[in-house]
Amino acid sequence: MSDVIGILLFECQDQKGIVAAISHFLSLNDANIVSADQHCSDPKTGTFYLRIGFSVDNDQQIEAMRGPFEEVGQLFRAKWAIHPVSRKRRMGILVSKQGHCLNDLLNRWSIGELAIDIPFVIGNHTDQESLVHHYDLPFYYVPTTDKTEAEKSILELAKDSSDGLILARYMQILSGNFLKAYGKDIINIHHSFLPSFKGANPYKQAYDRGVKLIGATAHYVTEDLDEGPIIAQDVQHVSHRDSAEDLKELGGDIEKTVLARAVKKHAEFKIIRNAKKTVVF
Amino acid sequence: MSDVIGILLFECQDQKGIVAAISHFLSLNDANIVSADQHCSDPKTGTFYLRIGFSVDNDQQIEAMRGPFEEVGQLFRAKWAIHPVSRKRRMGILVSKQGHCLNDLLNRWSIGELAIDIPFVIGNHTDQESLVHHYDLPFYYVPTTDKTEAEKSILELAKDSSDGLILARYMQILSGNFLKAYGKDIINIHHSFLPSFKGANPYKQAYDRGVKLIGATAHYVTEDLDEGPIIAQDVQHVSHRDSAEDLKELGGDIEKTVLARAVKKHAEFKIIRNAKKTVVF
Amino acid sequence: MSDVIGILLFECQDQKGIVAAISHFLSLNDANIVSADQHCSDPKTGTFYLRIGFSVDNDQQIEAMRGPFEEVGQLFRAKWAIHPVSRKRRMGILVSKQGHCLNDLLNRWSIGELAIDIPFVIGNHTDQESLVHHYDLPFYYVPTTDKTEAEKSILELAKDSSDGLILARYMQILSGNFLKAYGKDIINIHHSFLPSFKGANPYKQAYDRGVKLIGATAHYVTEDLDEGPIIAQDVQHVSHRDSAEDLKELGGDIEKTVLARAVKKHAEFKIIRNAKKTVVF
Amino acid sequence: MSDVIGILLFECQDQKGIVAAISHFLSLNDANIVSADQHCSDPKTGTFYLRIGFSVDNDQQIEAMRGPFEEVGQLFRAKWAIHPVSRKRRMGILVSKQGHCLNDLLNRWSIGELAIDIPFVIGNHTDQESLVHHYDLPFYYVPTTDKTEAEKSILELAKDSSDGLILARYMQILSGNFLKAYGKDIINIHHSFLPSFKGANPYKQAYDRGVKLIGATAHYVTEDLDEGPIIAQDVQHVSHRDSAEDLKELGGDIEKTVLARAVKKHAEFKIIRNAKKTVVF
């Protein structure tokens, strides 16, 4: 068998014959299915989601499939994409003062755990500049004294050089205008188990409520703050012994793990998102 | 050393000399400290919480301590209680149609895992009657067609015969009047990770939001619905593959485990509660 | 779409065209794929595992597929099976004195969480007889004073009436002769995180070693004691505060959860086992 | 109240009056107890363990306590130590090629999560040198071509400059001679859930066995390889989808978290170890 891998993501109204048509297409095109995941949101009237990993001889074969596949897509009125895994997603990173998430991402990336390219790190503070330089990546300092100006600068830096952004504890809310202008996926890590404790200072909120678990949530950013489609969540047990400060430290551990998990899934084309939710294969 | 165990629960403004005074008192009264847990909510201005397990020769010794201990309590303006563990808490159980939590509690109780007495089970439906009879416990059917009447009946059954109540998926909201009239601890299991998804049908809410974890929360009941002091919480990973119905089933597992854990801590005098939070040793 | 569901389990040497051939077959037979899971143990030389859920109009259609599907099976030299989900697996249960796992299984079964039929419960003690009768199931007392006789009796009771057995803390080792004569799947719950603490009294072993987690393992029974293919495992944090007795109680919680999870997967035809491992979809 | 904190660790045969004597001593010495944890390994014949955090006006007061406390120690034939928290433990780190644990420790240390000083990092490869320099710490390259020579060099570097060592995936076994000569605590991270999969290549062992959870274990090093007292353990769910390589990557996450947790407990004087086990407060 051959070693070059392509990923097909496919989404349409559920109906008969989808898998037969697609596997027939791949077979005709000398592609061997190496992994397949599918999901139907409802057995009767639902949406059908499919991710197929297939192997072919070279990347040209993958590129060449897109044209002929249009017919299959139209037959089922599907949204679909074909990605060669050799073409890594370029994910820019935004950070503020705290570096635990950034450090974790960069270390994983450097040892090959995250199949992304990192075109830049932007900070609205310079605290993380030397860490970024340690990994030989460009760091841009874009202070947020004037927010409109800052977003304009970020857009210029990111628009063409990145396929998506990661907010690694970037403590600014990106405006609706920016989101529209940028127009690509942005992954955020929120430091609570959403929908609990939306908004500012969630660890303080958690402490005051006396919860026995704290959590973190990685989600795609939408205009509705803290309401975007959730990708990954996790929690950790806490007790009365933990101060609000302890919660913050314990939470930092979950934040970095959950964000890395979300970025990894995104990098491996394992997420299909819709307006409110995600399918994470 | 001796085998009869007493528990001292103690709470006051933090200040110097508390442990020295109490351990001196116990030493004078021929009691040996077998376990001790303490907590201070804030090192400067906080509240001090203490739980001491001590062994003496017989229960009379424990009863006899209460008088002399008044002096220690007054010295520190403390709230305190001394419990002989031989005197089990009598916890009545309220249930509706679903029996997974009730079944779990009764089985644990029957094999000695929960150090409580169960004076009765009250159901506003009869679905669980035969299970309760299997464990040779009295079952009272108190329908809630007239809520005021129902609460009156429950109060009559429970007021003198129980030291507390467990709501084992009892799908009724107890009125403020009832809470005042009953005046003892009531433990509820809420089928979400509070403060997420308060109110009705939390699994449907969780499904609609697309969360990746679902949870359950055991808490003391107060007049503020779903706002009482939290005792225990846990969660379980879910995915896009799980329907709202699956969430309910998976959630049932967490509900019964979390409720049992809370009841066990309550039974073992390991909880000190205040208006909004709990210290769980 | 139609409501009757069949499950195809399929296993062969990995090669091109498998999914295309099978989905083509199902499409021709008016079956709609409602779920599909596949796994390849190694991208180059591995074994291919497939589970497909499909819907048809009635069970007769499922029965009628088996003949024609032989050709597909032979084409790929596959092991395969087609199960109508309406035909529940008949799982007999064996138990000794302790009933926490049995109680959990029976309660889940009674509320529809486990899609099995339970033809009988066999105990080598009578402790659980009344619980079994509470669920209106037959209980057979088969003491193990003479082990050969006991296994003969169990074989007679189980051979034709069951499709598999569940050892719900059955504290006897079934002989190789019995396993051969019975010849169907047997699921056991071992009270440790295998391969740690094989053999007798694992909680005592865990206590003596001072581990900080204890676990339980559900596995298929083979002649190699505690070496059968693992289906499910879980653990729980413990500390120096927990006595060997506490470990046993905490472990009981994991045992029942893990066993129920394994039985559920087995009931839903979600496991493909080979000599040493399982694929659990 | 005062801000300077001291920690008393105390261990003796359980007997009456210990807490009374110690709290009396502290009260006499103007020390206020701010935290207390105790444990008795067995209510009858066991060992008593105590950790008390107390506040005084200055470190001199803590130093001055040691002399007078001797009397209390002798009274109960105790092993004890008094540590001012201002005097951080100096923990040297040993590393090989892989840096995920080292990177995690250094980042936590740099943001104040680990209350240790790091006098040096020693590597038997140079892969991690630049990371260490990024944190402005000394890196010593001590290759292990000649093991005896290497241990001699490490001993020279570490003997006086460190209070303990952390093996952050140091892939060498330290000899009994080294352990004796160094004579202080050494914390190792083993990449399996001990006692499962001792020895080399545990992830391969785990993959071959088909386990559904993998884990990591932080323990003190003793001459018995992989048999030292366990400090912390954790696990992660895996499935048939995970290759041996995936297990290694997933395991890396647990390794770094568990090692950091163990180092933090050690740094905060929260561990009392004996020959085979630990008490971790």
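Observations on the model:
Just so it is clear, A, B, C and D label the chains in written order, and each chain counts residues from 1 on its own.
Rule of thumb we're sticking to: a residue touches a chain if its C-beta (ideal position, glycine included) is under 8 Å from a C-beta of that chain, and two chains touch if they have at least 3 such contacts.
Since the structure is predicted, the reported quantities are computational estimates derived from the model, not experimental observations.
Chain pair with the larger contact count among A-B and A-D is A-B, by C-beta pairs in contact. Using the average of C-alpha coordinates as each chain's centre, B ends up farthest from subunit A. In terms of their C-alpha centroids, the spacing between subunit A and subunit B amounts to 41 Å. Separating the centre of subunit A from that of subunit D, both taken as means of CA atoms, is a distance of 36 Å. Of all residues in subunit D, none touches 2 or more other chains. Only residues 98-100, 103-104, 107-108, 111, 113, 130-131, 134, 249, 252-253, 257 of subunit A touch subunit D when the two sit together in their complex. Those residues of subunit B lying in contact with subunit D across their complex are 1, 16-20, 23-24, 26-27, 32-38, 40, 43-44, 55. Those residues of subunit B that touch subunit A in the shared complex are 39, 41, 49, 193-197, 208-213, 215, 229-235, 239-241, 276-280.
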